[in-house]
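Shared between the two complexes below is subunit A, which has subunit B as its partner in the first and subunit C in the second.
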Partner chain A sequence: MAVRAARRPRRRSIPVARILLLGFFLIFVLFPLYWILNTSIKPSDDYLAVPPVWWPEHPTLVHYEAALFAYRGLDGLVNSIIVSVSATILSALLGTLMAYSLARYNTGGRHLSFWVLSQRFLPPIGIVLPVFLIYRSVGIYDTRFGLIIAYTVFTLPVSVWMMFAYFRQMPKSMEEAALVDGCTRWQAFWRVAVPLAAPGIVAAAVFAFIACWTEFFFALLLTSRTAFTLPTVFRAFIGFQGAQYGEAAALAIVSLVPSIALGVLAQKHLVRGLTLGAVRG
Partner chain B sequence: MSNFSLRQMTSAGAPLPLSGVAQWTERHFKWILVGPAVLLIVALSIYPLAFSLVVSFINYDFQIPGHAFVGLKNFERVIFDPVARWSLVLTAGLSGVSVAVEFMLGLAVALTMVRSFPGRGLIMSILIVPLFISPVIVGQAWTLLLQRPFGPTNYVLSQLLGYEVTIGWLTESPWLYISLIIADVWQWTPFMFVILLAGLTSIPPNLYEAAELDGVNAWQAFWAITLPHLAPMMLLAITFRLLDAIRMFDTIFIMTGGGPGTQTYTASYYLYTIGFTQFHLSQATAGSWLFLIVTALVVTLLVRRLLRAEVN
Partner chain C sequence: MAEVKIIGLEKRYGAFHAVRGIDLHIPDGEFTVLVGPSGCGKSTLLRTIAGLEDASAGTIEIGGEVVNDFRPRDRDVAMVFQDYALYPHMKVADNIGFGLKARKMPKAEIEKRVGEAAKMLDITQLLNRLPRQLSGGQRQRVAIGRAIVRNPRVFLFDEPLSNLDAQLRDEMRSEIKRLHQSLATTMIYVTHDQIEAMTLADRIVLMRDGLIEQQGAPLDLFERPANTFVAGFLGSPKISFLSGRLVRQGGADGVAVGDSVLPLPPQRLASSASDGQPIVLGLRPEHLSRATGPTPPPGSARYEAVVDLIQPTGSRSYASFQIAGAPVVAELQAHDVSRPGERIAVDVNMKRASIFDAGTQRAI
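Our next item is the complex of A and B:
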């Protein structure tokens, strides 16, 4: 295989297969992103040109304006920010509390930790219907508060398991020393363990944020005209009767930039994030 | 794992100088820490599940008044609905094919990225980008690329193949299935790639050096060293991905809307339509329970194997 050929220091042949495969895959990944960007700044007159307009001569921002204001993208953006940030903070906080207890005190044994894990694999369709009914009767349907709570719960398994793995690989001697010195358990946790675990907490928070920011299903079914988030605004472009290609693309750009930026910044922790801490990247 | 506790110290006769509340906190500390998270999960996941079990045995339908107990009728309605059965078949087919393609492509790309080379860091950063994009946007992006007559796909294919290509990517079978799979593969191949790459880089390089000295060729080394060492990681990646793939909803919502007709109804999409556009809530919750049971079977099967592989 190409990889093995390249391992040999003597024979520095150019691994053609490897470059080709990687090249094709890079194009495959990048082309849709380029096409969204291209569409978002393309004047409507260029939409149906043959051959397609690969880069508009007169780029325009009208689609951004329309997407943010006419289609209420800005309201969605504000809701997305408030909901995602609040849920992330709650999830990281509650997740860290629980993970610490699981890692240091073995609370509930294996059962409790696996029960939390099992929540991660529960199909959302199974709980969203009753949650919808409960939300309507309690009066938090279509409120940011309702969505924040839902997002906190749905990101908790990942937060708990990422922090569980983090605390387990952290030496506990510092906390033990603090306890010997007369600290309460809370002080040993809050003043000693949490600062040491800060990088892990930040990483867990980043993944919780991305999960909230990109979530669609709960937002679609638990919100309507008030608390709707950015991804649900795309409903307006389904069917394309009015051919709002530019607006859809502009909204996509607005929505994907923050999560991509955060994700790439946190890529060191990506493997742990994707496997809930099961694999140390 | 040893228990983290300093009970020895307190029992040794040096009681901490604490107030009653603080002592209570100290004693129940571990339960106080897990309390909030557990309560939230119970309130928003366990209670709704129990509630939906009740709903699935009564009549809870915005089109039929009253909440009479109807036994297994809601379950029967789902089981004897041909659309439901089709959606289950489609869910299995789409997720199976998607995950298989993602796995093979992800493994191939991971193999090209094991060794360090100039620009590897940058390429790595680019390849993981799809993981941070909302599936809705992924669906939207592929709609823009494939939709006739706007998307450039048919034009590019016409140029490459030398004849006019006029495929209705989002309206004609089997192309619409292929489109949905492409969108899924685009978003989730990086998932496989990242995990498998982590597995590949953790294989000790001296194994390969020893094999090379023994005159083993690259292909044999792949089967004898890479595959067995990577197996647990492969199982983990496939399990995680499969469990998410069977929920497939967002891209379908955007790209095909379940159509034409009910051709692209996955299990999640079917239940969504029953519950939220036709308001047969009881039938939908009954169907959700059936789907949960099917999922649980898959989970136990796969996760059991996963745990066993990890132990070995």
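Our next item is the complex of A and C:
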């Protein structure tokens, strides 16, 4: 009894503070999401009602219908998925190869790896005009292919840099063991280095996907009626008739779904380090 | 099964000269230990033999074939790494069979060979585990299994025991020696631990700064070190060095250390050695013993000393004292000495003592 009594103050004070803090944090993060969801199913009259409508009496899907079909949100969604997934795969593949070369062969000395990263220093607006003109004359303006190329190039530096850091901290000896065991350089790379680097590759790919999925500026300038992506559809919701809050909210919810699904799927890989505890005694 | 011949081997990393001209002939089936302080180039030499590093100059022959331009996989060697280098994403059985699979061996044959290797190393019950579920000793066994399953011409070991605790290290050491006895394959083993080198080797190659200081059978190096570095590197507790001068008067040779002259057996010195030449006298703990009888046995010198430290090991005790101001350790019977401060007489076996030139540090 005495022990229990003595412990009680400590036990109670910590969870209370923690729950309060977590609760506050959750409200901070989730309230905007709730409000978007709420707005997406409200009838138009309720958007700016005072007092606010916390949950509509007659939820409606009419905004979803308008956003996806009338405003061609569905086409944008399909384009976004194709472009983002392709660019992510390309970026992860090329990034892994390039980073491995930099980390294991010291390709280009100290400077090449930094040069790769320095591509991110350039403000995108500085190159958008030449890129636009080149795309037009080459004939890949307003094509998914053109956008995939652009996104691959933009996400590559970060992919390379992330993978470079990952390969560098990976002990070389496992690949060396594979070489002595009977592998060629390629086999040692594919069968040993890549599986071990999987958490790093997944992390780099997730970053690349998020960057592509949310990209607006280049999508706006390099596409028009065919290859436009989801973010560019949002433009249409602010027009001379006023803001289409319901449609914007509905499309925002739609665009969240793949990101959240990806986060849930990749979380396991992002957290788990395969080499953990496997090397040393 | 193959001999290994290394001729004029050099390895540079930019300005750093890691291996500076090594000639080494390792006969078929021999257990050779490359030993030396860290940075002496022993690991680099081993990795060059494996093909993980390119030689800057010189040739490497395995089984009569120059392999300088061979890829590691084509050299038919197997290597055990210090950090085991097991593939963390594969089960033990796949780890062991990986090399065979890479060489496109039929599945049934791989299974059979992996089973045999596992049985030999007593790890059959671990075959379905992942490396991270194993202890350090078990991982090392798997790493060795991965090497022996390939039945290579040469085994290379790169400090395989240095990550294990002392007890396990002793155990694995005898196991590796037993393995060599049953396989009789050429083995090249790198370590910085002189006890490992002494116990395992048919031949020790002692290196320093990218060069071989001395090579030969462990006891040869121990008893007849070529220089003070070799003498100081081998043996535990370490050899004691005393500065002195040679004394050659009439027919009697001796070594003057401090005030006393320790007589040398006849013909111990070459005729070129001169009277008064400054030397370093190397005394190993086992060169000294508690004096018995009224006079020292032939070839020995008697010395009286006050013991300042005793370290019993059970069967033996190490007693420290000073001779002419220099610290000396003697290996005595456990009951020869009882407490610090005791004054005892020790006989120094001058037949076994090493004498080095004080200038060149080379044996006389």
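To be clear about the criterion, the second predicted complex is superposed on the first by the 223 of 281 C-alpha atoms of A that agree within 3 Å, B and C clash if a C-alpha of one lies under 4 Å from a C-alpha of the other, contacts with A are read in each partner's own complex, and residues count from 1 in each chain.
Methods note: contacts are C-beta pairs under 8 Å (C-beta built on N, C-alpha and C of every residue); 3 or more make two chains touch, one makes a residue touch a chain.
Only a predicted model underlies this, so the values are computations on that prediction, with no experimental measurement involved.
S.K.: Quick check for you: in the superposed arrangement, does A:L37 touch first (subunit B), second (subunit C), both or neither?
M.R.: A:L37: touches no partner chain.
S.K.: Please indicate which partner A:V192 is in contact with in the superposed arrangement: first for subunit B, second for subunit C, both, or neither.
M.R.: second
S.K.: Once the shared chain is lined up, is A:T184 touching subunit B (first), subunit C (second), both, or neither of them?
M.R.: A:T184 contacts both subunit B and subunit C.
S.K.: Looking at A:L112, would you say it contacts subunit B, subunit C, both, or neither? Reply first, second, both or neither.
M.R.: The first partner, subunit B, only.
S.K.: For A:V50, using the defined touch cut-off, is the partner it touches subunit B, subunit C, both, or neither? Pick first, second, both or neither.
M.R.: first
S.K.: Now for A:V78: first (subunit B), second (subunit C), both, or neither, which partner does it touch?
M.R.: neither
S.K.: Subunit A residues in contact: does subunit B have more, or subunit C?
M.R.: B
S.K.: Counting only touches as set out at the top, which of subunit B and subunit C does A:E176 meet: first, second, both, neither?
M.R.: So A:E176 meets both subunit B and subunit C here.
S.K.: Show me the subunit A residues, by the header's touch rule, that subunit B contacts in one structure and subunit C contacts in the other.
M.R.: Comparing the two interfaces on subunit A, one with subunit B and one with subunit C, the shared residues are 176, 179-180, 182, 184, 274-275, 278-279, 281.
S.K.: Which residues of subunit C touch subunit A in their complex?
M.R.: 50-52, 71-73, 75, 77-79, 81-89, 98-100, 102-103, 130-132, 135-137, 139-140, 146, 150, 156, 163-164
S.K.: Where on subunit A does subunit B make contact in their complex?
M.R.: Residues 1-8, 15, 18, 21-22, 25-26, 28-33, 35-36, 39, 47-48, 50-52, 94-95, 97-98, 100-102, 104-108, 112, 116, 118-119, 121-127, 129-134, 149-150, 152-153, 156, 160, 168, 172, 175-176, 179-180, 182, 184-186, 189, 210, 213-217, 220-221, 230-232, 234, 237-240, 243, 245, 248-249, 252, 255-256, 259-260, 262-264, 267, 270-271, 274-275, 278-279, 281 of subunit A touch subunit B in their complex.
S.K.: Contact residues on subunit A for subunit C in the complex?
M.R.: 171, 173-174, 176-184, 187, 191-192, 195-196, 274-281
S.K.: For subunit B, which residues are in contact with subunit A within the complex?
M.R.: That would be residues 1, 3-6, 9, 16, 18, 22, 25-26, 29-31, 33-34, 36-38, 40-41, 43-45, 47-49, 51-52, 55, 60, 105, 108-109, 111-115, 123-138, 140-145, 147, 149-150, 152, 155, 186, 189-191, 194-195, 198-199, 208, 212, 218-219, 221-222, 233, 236, 240, 243, 246-247, 249-250, 253-254, 257, 267-268, 271-272, 275-276, 281, 284-285, 288-289, 291-292, 295, 299 of subunit B.
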